[in-house]
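Shown below is the structure under consideration.
Per-chain residue numbering starts at 1, and chain names A, B and C are given in the order in which the chains are listed.
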Amino acid sequence: MSDEKLAYAIQHDGWGELVLSRPARRNALIGPMVVKLREALASLLAQNSRVILLRGDGGSFCSGLDVDAFNTTPPQPWVKDFQDNWMNFHLDLYRCPATIVCALERHAINGGASMALGSDLLIAGQGAFLMVGEAAQGAPAPMNLAWLKLRASETMIAQLMLSARRFHGPELHRLGLALDVVPDVDVLSHAQKLSETLAKFPGSGLVSTKYAMRLLGPAGDGEDWFRRAKEKPANVGDWTPQRQRVGST
Amino acid sequence: MSDEKLAYAIQHDGWGELVLSRPARRNALIGPMVVKLREALASLLAQNSRVILLRGDGGSFCSGLDVDAFNTTPPQPWVKDFQDNWMNFHLDLYRCPATIVCALERHAINGGASMALGSDLLIAGQGAFLMVGEAAQGAPAPMNLAWLKLRASETMIAQLMLSARRFHGPELHRLGLALDVVPDVDVLSHAQKLSETLAKFPGSGLVSTKYAMRLLGPAGDGEDWFRRAKEKPANVGDWTPQRQRVGST
Amino acid sequence: MSDEKLAYAIQHDGWGELVLSRPARRNALIGPMVVKLREALASLLAQNSRVILLRGDGGSFCSGLDVDAFNTTPPQPWVKDFQDNWMNFHLDLYRCPATIVCALERHAINGGASMALGSDLLIAGQGAFLMVGEAAQGAPAPMNLAWLKLRASETMIAQLMLSARRFHGPELHRLGLALDVVPDVDVLSHAQKLSETLAKFPGSGLVSTKYAMRLLGPAGDGEDWFRRAKEKPANVGDWTPQRQRVGST
């Protein structure tokens, strides 16, 4: 695992790529990777990226939390801070002044789905799928819920989260969650071209739009919104990540 | 009318069916039926149903208020309390911790539509339709409005409620209001199978999702939300249910 | 320009048409036209129009602000008050008790799009398009944003406004933004027939629905909502309308 990049940034002219990079694990998430994602996003913004392309290395977007890594004995040192760290990355995305494009190759599962749903413009492969599968594992999915409630509707929460199903590209398009659905081999190039096009827009239209979009509510600075999405009924105990099946298409 | 069941519950392993049962009237609503619906829902929840399948007996979901029964001379004793009773049933649905699946067979008209729209996951027949037809009769439709504003968007309120049209299964699917559209003869079995599948999900994912979904607003405990949905402009008088045409496909 | 009607009202039985009329400029917006639109809308409401059909003369709906007219030397006297005037017209639409139907012929661009998105029921031609293209010109689009945030969702803001693309009739239908998509030659007659049908609905169903729809929030009397939609990040300067390309299909 030591030679994995985990995550990195590629700066282009006015836009940048934010890349999940654990391809051997289909970019499954671990604590140090989220730290690197936050750093890479900050570096892109510091270099004035107006558009951020969020994508995964190796042909998949993200297969969710790496449950094996969460369940070692003894536990990895980053496990105890993971939930805070993870929410802070979502707050970074929520507050990001740049337009976020997501290239959904192959799959966006659970935690991976939440990053796709937190992006502004989703490009999905025809055979790719998004799955908020936590409910089928008995788990909550607060970041997915926070984004769907903010950006879509309760009907979308119900359909994606309570059914825990796979929603493939064409379904995401029908539901208005994906901007474009393209052949699987074209997802990345299509998303890159879109990002480049948007980065060439003059002036401040994109940033002003995102600013006012969030200003009109209901999530304010995001802190309370994302935190409350984690609340649970009084009779429900804490949940710990456990082994999950990583889907394949 | 005396041998009608009105409504009843069927408890399964971890899930239950909440059944409207006035099949000779296509499950048109009357006061005592709403009382029974509330009792049956409470009994299912008391037996730990994690998923509730809401459906009608006899091949139709619900044809709305039974206008004949609302207009007898003298009036039936339950008429005066109906509006409060009806809103309280919607508050029960709003606060229901279980996932609610609705089997939309044949039609869900007016009051029937409001129960379908208040459900989490709607399964519709290809030839079935949902119609919020009150506006065409000069009437408000506060429960439909409350649900659409909470769960969908103003565009959906406008399209469903101001046009007063029939929206068939495929249209409900396009609009993201129905999870699945299936052949008419398969609606019930499909909805039952889905309910059974969801009831087998371990742990508390479903209940936590519904909890946080509602916690994030905007309707709070629902009381004020559903009550305000009934408010009308100062120059508009009260409305009394009158004879309506029950559509057929 | 002196013999242009700019805008006018046609009163029918219970409904009326609100017509943009600068056909030689594809109904591009100038200050005096917005003044006339406000007057014509008020006159229709004063004559008890329950349904308003918003449309353009000459086969196009509206091509946005008339940038040439905004950039004369010396500036036209109405330029300095335009933004207030324009927002006030949107407040009129927001507060309009009548149901607003919009006939989207040929195109609804930028400012034109905001009127289409502020209407309750949108009828679009198969080859017609709606484009919120301001971001591609470096400009904000606060009225479009205010309506999409109020009536649709953040996903719609992102897709329509950040991509700055043309969305043709069938796409507007898929996204739930258009009620009907019809052949281009039928848009006007279809929208007129719909308006006439709705105007015949008895009683107060339509007006009560719109009243409660807006009462449930989040925009209150609209004043603060539309004003805040114009706010921008601290580091972004003012924007002045400049020459834009008017699309054609």
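We adopt the following convention: a contact is a pair of C-beta atoms (placed from the backbone, for glycine too) under 8 Å apart; a residue touches a chain by one contact, two chains touch by 3 or more.
Keep in mind it's a predicted model, so treat the numbers as computed, not measured.
S.K.: I'd like the angle of the rotation relating chain A and chain B after CA superposition, in degrees, nearest 5.
M.R.: Rotation angle between the two copies comes out at 120 degrees.
S.K.: Taking all residue numbers at the chain A/chain C interface, are over half used by both copies (same) or under half (different)?
M.R.: On the two sides of the chain C and chain A interface, the residue numbers are mostly different, under half being shared.
S.K.: Could you tell me the distance, in whole angstrom, between the mean C-alpha positions of chain A and chain C?
M.R.: Result: the chain centres lie 34 Å from each other.
S.K.: At which residue positions does chain B touch at least two other chains?
M.R.: 153, 174, 176, 218
S.K.: Which of the residues in chain A come into contact with chain C in the complex?
M.R.: Chain A residues touching chain C: 97, 99, 120-121, 150-153, 173-174, 176-177, 179, 194, 198, 201-213, 215-218.
S.K.: For the complex, give me every residue of chain A touching chain B.
M.R.: Counting only chain A, the residues touching chain B are 134-142, 145-146, 149, 153-159, 161-164, 174-176, 218, 225, 228-233, 236-237, 239.
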